[in-house]
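Labels run A, B, C and D following the written order; every chain starts at residue 1.
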Amino acid sequence: MTDVDLTDPGGYRHWVAETVRFSDTDMVGHVNNVAFAAYVETGRVAYGMALASEAFDAGTRLNVVLRRLELDFVAEAHYPARLRVGSRLLRLGRTSYTIGTGVFADDRCLATSVGVLVVVGPDGPMPIGGRAREVMTAALP
Amino acid sequence: MTDVDLTDPGGYRHWVAETVRFSDTDMVGHVNNVAFAAYVETGRVAYGMALASEAFDAGTRLNVVLRRLELDFVAEAHYPARLRVGSRLLRLGRTSYTIGTGVFADDRCLATSVGVLVVVGPDGPMPIGGRAREVMTAALP
Amino acid sequence: MTDVDLTDPGGYRHWVAETVRFSDTDMVGHVNNVAFAAYVETGRVAYGMALASEAFDAGTRLNVVLRRLELDFVAEAHYPARLRVGSRLLRLGRTSYTIGTGVFADDRCLATSVGVLVVVGPDGPMPIGGRAREVMTAALP
Amino acid sequence: MTDVDLTDPGGYRHWVAETVRFSDTDMVGHVNNVAFAAYVETGRVAYGMALASEAFDAGTRLNVVLRRLELDFVAEAHYPARLRVGSRLLRLGRTSYTIGTGVFADDRCLATSVGVLVVVGPDGPMPIGGRAREVMTAALP
């Protein structure tokens, strides 16, 4: 992943809009880090749903579990602000995949995140195969 | 309800402990009002579950919907703090009931809340009858 | 306030956009009531700031405290969704004012809220006078 | 850090109690990952305040910024539950330090977290020296 710069808005494949809520701030006066976890989840899940809609028949039920989350805080955010959250696929494993996410005010990066997700079936982690693997491979950097 | 003082900790029948989280604060420097909505929900739901465990056989599935929420802010809270949330039944209607909740630091009231809940079955609001009505009537002021 | 229908989007004077976050949902499967408290705060504070920018010189520091919050839940919200939050002034008292807020998916009302705010100075509640009273009076229904 | 097992409750030096709130759950039916970010912050900040009270004179104002947050999800949490959050110092740099945190139900680990914090003065990152370095060095594994 050394060759991917998550602070560069140009590399993202999927975007969602976010609004900083007053309750996202904390007593330090800026947006609390917990709100950033919520921002990146909103982007990551929306991108996952977009990929899944290509990879699976409608109605397919998938259980995707967040195994690991990393957040790097680049700059403070304040209320009020409109943000945008970009997402991209970074890695594809046998039963897991890694999504990179960036939180931006216009083109200024405020935070980046890496989320490792595992596809889980009734018997535990489930290999990502068939059309899902094709769709996700095509989305890799 | 004019005869019930929700700022009096003596009137509550059920208590839960709460911890003020750093992320509950806002840029004003105190605990944000949205966190109080979370505190009173934690108490209200726990009390509802306690009543339901008396009123219904184990495994009974109930759909209870919050129709209305009132919050009165009495005093500020700050981080860090331990709180306790008291709940009591205030009113029992045909298909709805009203729970009063108070948020306290020791015996000092920080906020009170009134929540109106409706029991919903497959065909809409469902009359509260039988053992449920007996249990709830016994819990009224 | 009997003559104001807060479920009618036509009556609002100020709007903000909101995004339902995945973390706004709860185990019932819909958007949790606490998230609605956050949505209406975002709208209410933004409208308050808009009014204040007309009523006060830049840099004036005001302390506005939420004294009471009412929320009426009209319909469920689900993830994902874009929402819009409308705000309007409902009442103007000597030291307090009341803002009505509505949460909408397009023109469909999901929840309404009434917030009572008190202007507080160094010696407690502070009369709303001068240009502030003029601006706010002009914004009344 | 290879020699520190953050899933072992025995290694923590500071504990806080947490309550799972109903609003911490999400539509998957378990506690959402964003709530874990709030749990570990509550523990991490409380431990940081405990260290600071030893290291600095009362009233010293410090600006500590979260630069990076890692969360590893070990097991699901559900509502209702009481949790406890343990914290310990993992590393001490010139201007930064690293706190490890674990979220437990009794002795069962649900999640671990690593937070990298930077001490910031008026001119940017500020060396950790004097009594602060002594206190923190004594707290290292």
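Definition applied: a residue touches a chain if its C-beta (ideal position, glycine included) is under 8 Å from a C-beta of that chain, and two chains touch if they have at least 3 such contacts.
Everything quoted here is computed from the prediction, not taken from an experiment.
Engineer: Can you name the chain that lies farthest from chain A, using the mean of each chain's Cα atoms as its centre?
Structural biologist: Most remote chain from chain A, centroid-wise, comes out as B.
Engineer: Counting C-beta pairs in contact, which chain pair has more, C-D or A-D?
Structural biologist: Greater number of contacting C-beta pairs: A-D.
Engineer: How big is the gap, in whole Å, between where the Cα atoms of chain C centre and where those of chain D centre?
Structural biologist: Chain centroid spacing, chain C to chain D, equals 35 Å.
Engineer: Approximately how many whole Å separate the CA-defined centres of chain A and chain D?
Structural biologist: 23
Engineer: Please output the residue numbers of chain A that touch at least 2 other chains, ranges allowed.
Structural biologist: 22-23, 32-34, 37-38, 41, 79
Engineer: Touching chain D in the complex: which residues of chain B?
Structural biologist: 16-19, 21-23, 37-39, 41-42, 45-46, 49, 79-80, 82
Engineer: Chain A touches which residues of chain D in the complex?
Structural biologist: 32-34, 37-38, 41, 65-73
Engineer: Going by the contact rule at the top, pick out the chain D residues touching chain C in the complex.
Structural biologist: Residue positions touching the partner: 22-23, 25-27, 29-30, 32-35, 79.
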